[in-house]
Amino acid sequence: MSDQPDETGKGSHRLRFGAGLLVGTLLVAAVGHRLLTSSLGETARFGEDRRAVVSLRALTDVVARAGSGEAIRTVVAGFAKWHPQVAATRVVLFDGISLDASTDSADTGENAPPRRLKREEKDLYDRGQRLRAAIETNRAEGGGRKDEVEKERLPDGSVSLAAPIERDGEVVGMVEIRRVPPPPAPRPSLLTTLSYVVAPVLLFAVLALVIGERRLPLGVLAALLLAGTVWGYGAQSWAKLSRARTALEADVAGQVKTSAARAQELLGTLAATAAPVPETPAPETAPEVAHAVPPAPLDPASWDSDAFRRPLGLSDGAGRVDEAKVAATLEAAKTAVRQTTILLGALALVLAGFIGLGGLAALLGTLKTHRVAYSYVLPAMVGMVLLVFFPFVYGIVLSFTDQTIYNSNAPLTEIWVGFKNYVSILTDFRVAKTAADGGLVFNYQNFYWTLWVTIAWTVTNVTYGVVVGLILALVLNTKGLALKPAYRVLLILPWAMPNYITALIWQGMFHQQFGVVNQVVQMFGMDPVSWFEKPATSFFTAWATNGWLSFPFMMVISLGALQSIPSDLYEAARVDGASRWQQFRSITLPSLKPALVPAVILSVVWTFNMFNIIFLVTAGQPAGSTEILITQSYKFAFEKYQYGYAAAYSTVIFGILLIYGVFQNRMTKGTEAI
Amino acid sequence: MKLSRLALPLLFAALAAPALAQKEVVVWHAYRAEEKAALEKVVAGYNQANAAKGVKVTTLAVPYDAFADKITAAVPRGKGPDIFIYAQDRLGGWIEAGKTVEPIDFFLDKATIARFIPTTMEAMTYRGTVYGLPLNYKVITLIYNKKLLPTPPKTSRELVAMAKKLTDAKSGRFGLAYSYSDFYYHAALQNAFGGRVFDPGPKPVLNAPENVKALELLMRWFTVDGILPAEPSTALITSLFNGGKAAMVFSGPWFLGEIAKEIDYGLAPLPTIDEAGGKPMRPWMTVEGVYVTAPSQNKDAAYAFAKYLTDTPQAKVMAVEGRQTPANNSVYADPAVSGDAILSAFRKQVEVAVPMPNLPEMTMVWSPATTAMNTIVKKAATPKAAMDQAQAAVLKDVAALRKK
Amino acid sequence: MSLFSSRSRAGADEPPHFPMHVLLVLATLYAIYPVLWVLSIAFSGKQSLAIADVPSDPTFWDRLRAVIPWPADVSLSNFSAVFADQPFATWILNSAIVSVATTVLGVFLACTAAYAFSRFRFPGRQSGMMSFLVSQMFPGTLMLIPLYIILVKWLNLGSTRTGLVLAYSTTAIPFCVWMLKGYFDTIPRDLEEAALIDGASPATIFWRIVLPLAKPAVAVTALFSFMTGWNEFILAATLIDKETMYTAPVGLRFFVGGFSQQWGFFAAGAVIVSIPVVALFLYLQKYLVSGLTAGSVKG
């Protein structure tokens, strides 16, 4: 990059910084415009949904107080009259799987309620059951985990909501409303946004003429202009958003007030119709319920609620907004906008700087100069990027959330927890505590214990594999040794056979009474060992298995690598009177390095993440003391269903290996020729 | 030109006709050998009967070890089958994860519900909603070597007395052998004492006093009576029984396929436990359900087949030819089934069986419970202390899921 | 060349072969002992794993007999059952197709990339090499679902051999690249430079000069790539939705899933599955024996 200015040099600082500023402002404008549009849309939808929830909960409360099917139909009809924004209302009662009221245009004539639900309407019934299960679950767990008011956005932009009908604390049915598609949300004007590009660029053009080809002032100017643009756009966005949000709160509070009045009116008609009619056709339970529950007064303030029917408490039910609480929520929103603005600004600045300082030109130049090399590497790279790096990014993103099986469909922003998982993994240092008798008691679930086991596991296994593999390869490389092909083939058998069964055989060999290892131990007059009882011996069983499985691979690598050593090197050494050991030290080992170093590094990585053997042989026995990091992360994901935490665990594993890889590479110059 | 004008509609008709008529219902299962053959026979019969309706059922066998992962990966993305058959232990997890299993309450009528052994229906129910039709159940029972033991024990005292006579630990002979340190196998004893894992609802109670009592009895069998082998892996149990070195085994229908030909064996209900007031051992029951998947495009057809598969004539095929123990109750009235010593033995055992919990929290229990069991049988901790520790671990994991 | 080398090697300081044979025999016993247990289960005709079976108060010889893997009665029934019960031959063929394709694709892509890393100096070279290494570091526990999304949902390669080959190749490539790059580095450049002066194209140099010299490394990477595809289970079982397209490891696992553990069938299947690997190694080992580089470079 340093010699680039010479090529692209003359008169182009202005151009480059101008281009950088243009791209930067364009980025800010494009992303900002999109974010603002979606935020405004979101705010509008949020308001629409809140109003819908309020009217739905008002309706549900009245329906729950209506005893008979006839009364429910009266209420629903009355509700429909007052709510032109509601396209259709349907009431389902579980008892008899019936549709009890509907204002849907399809439910007339022979389809008119009350009737049993039809096969095509299964979803409606299931939705009601889902709400019932949700309420029971939330009660059993004492929390809010499952939506008690379901919201579904339909393809035409309208929203369909469902809320449970509760009588005596039991869910007996569901009310579903489908709203008419809302009016399009206000959109920021494109022209305004564009002015945030045109103005700074024009200003730069004019000032650049004055400044001339001076790099530093030009750069400072571009940066200032860009920062100003970002700040300006952020400020005007926030103004728009806060205005929309404040208006919304007043609007919702108004809706609560109206709904309260309407609901009272409906209750009034209910009382009027219920009194004279003695309820002959209705099932016998209905009047009973109507009498049993003294109608509790409606609580309009609770209608403006979240999905778990917990009141938001932003208004009092009589149309008054709680200003302090609204201000608090606005403050939170403001912080979010500020953070986004800063992030966007930083990104734009980096991009503009990259272009302005000549980075782009240099990059393009490099790509052109080395196109042959890149084209050789590219095919292998494409597959890697696609199949390895995408899942990898997915994993890292997941590690910043607290995704579990319960919220695996929630958007990532809702379950974002930042570095919480990492903090919880890495800052727990309670590896051991002193027991009553003064001895140390280890906490085998602790990350650092597992890390220590993993390191011991990796170091011992790789060392064993390399030493045994290398020795065997050296011996097998002896010229003129008889039976070499037979040895070689028999020696790779541990690698060739599926390790699912050989691992099990090894586990069986270490059985306390029926394993061959203890038979051999006893052959020499020693006492049998209970291998899986103590961490050290249990670790040994897994190590013995993995060592046996891994040496053939190292042997084959070494055999291949040994072929690259020209034999005349040895000859020369012999002429110089070097001993065999000296030859090995000064010729064999250095020549093996190019093939062995990568094999060792990769072996370390693989062994570190060797899931199968631990899982099959010790399964962590005793008490999880022989778990390694990868088996722990598996447990978090598939036994404890804590996906976010497991991803963080995986990312920590990755981080450790990355540090090791970089360090080892520096030390051995693994990427370099000898 | 003329030809093509004529041929084109014909071609279209030829292409469209089968596409229009065929409604394919894909079934995934984890069966092999005779179970697979029996299922395929039922499917063939169904396809023949319903060819006119244009419904065709096809099956795919997936290895058990990959089954749950494959369902989790494929079904929520709309790439899975219309029906799959699997035990209830993962059911709660799939329901909580969503987009996997379809509730079938809406389809169910009283006659269909009445078809099944009630506890198997319970296993298919999660939070008050039914998600599958039970196909078969698996329970452990007492399997004994007739040559070593002519009559099986009925009570725990008899069991211990008989087993002691047949045990010679030094030469590797044991009166009783089962994977007692495996929490699943141990549950039979635990349930005899009225022990349980969750109570009430999804609240873990691993350290319930009844659970501890059951463990204390187990430890007496192991240490004082010495009738059980150490480190009882399932592979070891099979080897001991096949070698004529274990007179009695507690195991399930899967074990029968592993018994060597020369062993003459019999089945009997698990004994009652005198120490628990003469209550019977109550094994955990796993129930394989037939589930309709949530993204299926042919839910009606899928449910129709599920209903057919679990009906009595088909249950007979699955029982007699597939060697399954059907969840369908009326099939046991059929002489071909009631006359079968093995099938009727399992039917008898299931009377006292308890459905294994299908809550997702159950997967969090296994690992701490296994650790506790191993600690106890290695005498590294008392049953109470080990179960307290397991309970704490499970509580912590459950709490981690329920933030908010 | 061979004359030259054998003369030098057969010198007086050549170590005696006897201790080497002792070492190799011991190592071989160690390597095959568990394998013999697998064989004894496979040929036992039973489903149970073998256990060391000794009388009470066993003597040294009782114990010795117990630790020698030999089935009580020899039977081929497990082998015949493996083929009769399932289309195992088809599955082995599928495995062979997938593994060979993986080997060809993996080794080819790795060769070109490794050659570039070894011979060209370009920005991003170091980080490119590192990125191959890094790709092996992220644990695979949570990767099944994203991989499924890419291969099945985005690329629509569910139930295809292409999908499997793609996944296996990318798994094998990093090691192959590093191994080959290390080996290429040891090949002197004089030959290539001479050829370049003679007017040979880079492609010709690569195919005609460098690759033949790197045969030992290619053989090792080929074996490795083959093994990557040959023994893989979970991805194959998840991606493939047709029984006729299953690979051998998928078929094998049918015998030991869940409660049921028919180890006799599994052992027989495992023995069958190992045979092609051994055959491949027998074929490849000629490249691991004679010092090709030395001869060719010296010319």
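Labels A, B and C are assigned to the chains in the order they are written; within every chain, residues are numbered from 1.
Heads up, the rule we're going with is that a contact is a pair of C-beta atoms (placed from the backbone, for glycine too) under 8 Å apart; a residue touches a chain by one contact, two chains touch by 3 or more.
These numbers come from a predicted model, not from an experiment.
Undergrad: Can you name the chain whose C-alpha mean lies closest to the mean of all the C-alpha atoms?
TA: Central chain is A.
Undergrad: I want to compare two interfaces, A-B and A-C. Which one has more contacting C-beta pairs?
TA: Answer to which pair has more contacts is A-C.
Undergrad: If you average the Cα atoms of chain A and of chain C to get two centres, how far apart are those centres in Å?
TA: Result: the chain centres lie 35 Å from each other.
Undergrad: Report the inter-chain centroid distance for chain A and chain B in whole angstrom, where each centroid is the mean of the CA atoms.
TA: 33
Undergrad: Can you list the chain A residues in contact with two or more other chains?
TA: As it turns out, chain A has residues touching two or more other chains at 504, 508, 511, 514, 638.
Undergrad: Pull out every residue in chain B that's touching 2 or more other chains.
TA: Only 172, 235-236, 239 qualify.
Undergrad: Of all residues in chain C, which are in touch with two or more distinct other chains?
TA: Answer for chain C, listing residues that touch two or more other chains: 49-51, 53-54, 233, 253, 256, 263.
Undergrad: Contact residues on chain C for chain A in the complex?
TA: Touch list, chain C to chain A: 5-6, 8-11, 13, 15, 17, 20-21, 23-24, 27-28, 30-32, 34-35, 37-38, 49-54, 58, 60, 63-64, 66-67, 109-110, 112-113, 115-118, 120, 122-123, 125-126, 128-143, 146-147, 150-151, 166-167, 169-170, 173-175, 177-179, 181-183, 185-187, 202, 216-217, 219-220, 223-224, 227, 231, 233, 249, 252-253, 256, 263, 266-267, 270-271, 273-274, 277-278, 281-282, 285, 287-294, 297-298.
Undergrad: For chain B, which residues are in contact with chain C within the complex?
TA: 30, 32-33, 60-67, 69-70, 72-74, 77, 79, 87, 138, 168, 170-172, 234-236, 238-243, 245, 252, 254-255, 257-258, 260
Undergrad: Any idea which chain A residues touch chain B in the complex?
TA: Chain A residues touching chain B: 97, 117, 119, 122, 125-126, 129-130, 132-133, 136-137, 140-141, 143-145, 402, 404-406, 408-409, 445, 504, 507-508, 511-514, 530, 532-533, 619-624, 635, 638-642, 645.
Undergrad: Applying the document's contact rule, which stretches of chain C touch chain B when the two form their complex?
TA: My answer: residues 46-51, 53-57, 85-86, 144-145, 148-149, 152-153, 158, 233-234, 237-238, 241-243, 250, 253-263.
Undergrad: Quick one: which bits of chain B touch chain A in the complex? Just the residue numbers, please.
TA: Residues 93, 96-99, 102-103, 105-107, 126-129, 172, 200-202, 229-231, 233, 235-236, 239, 299-300, 360, 363-364, 366-367, 370-371, 374-375, 378, 380, 393, 397, 400-404 of chain B touch chain A in their complex.
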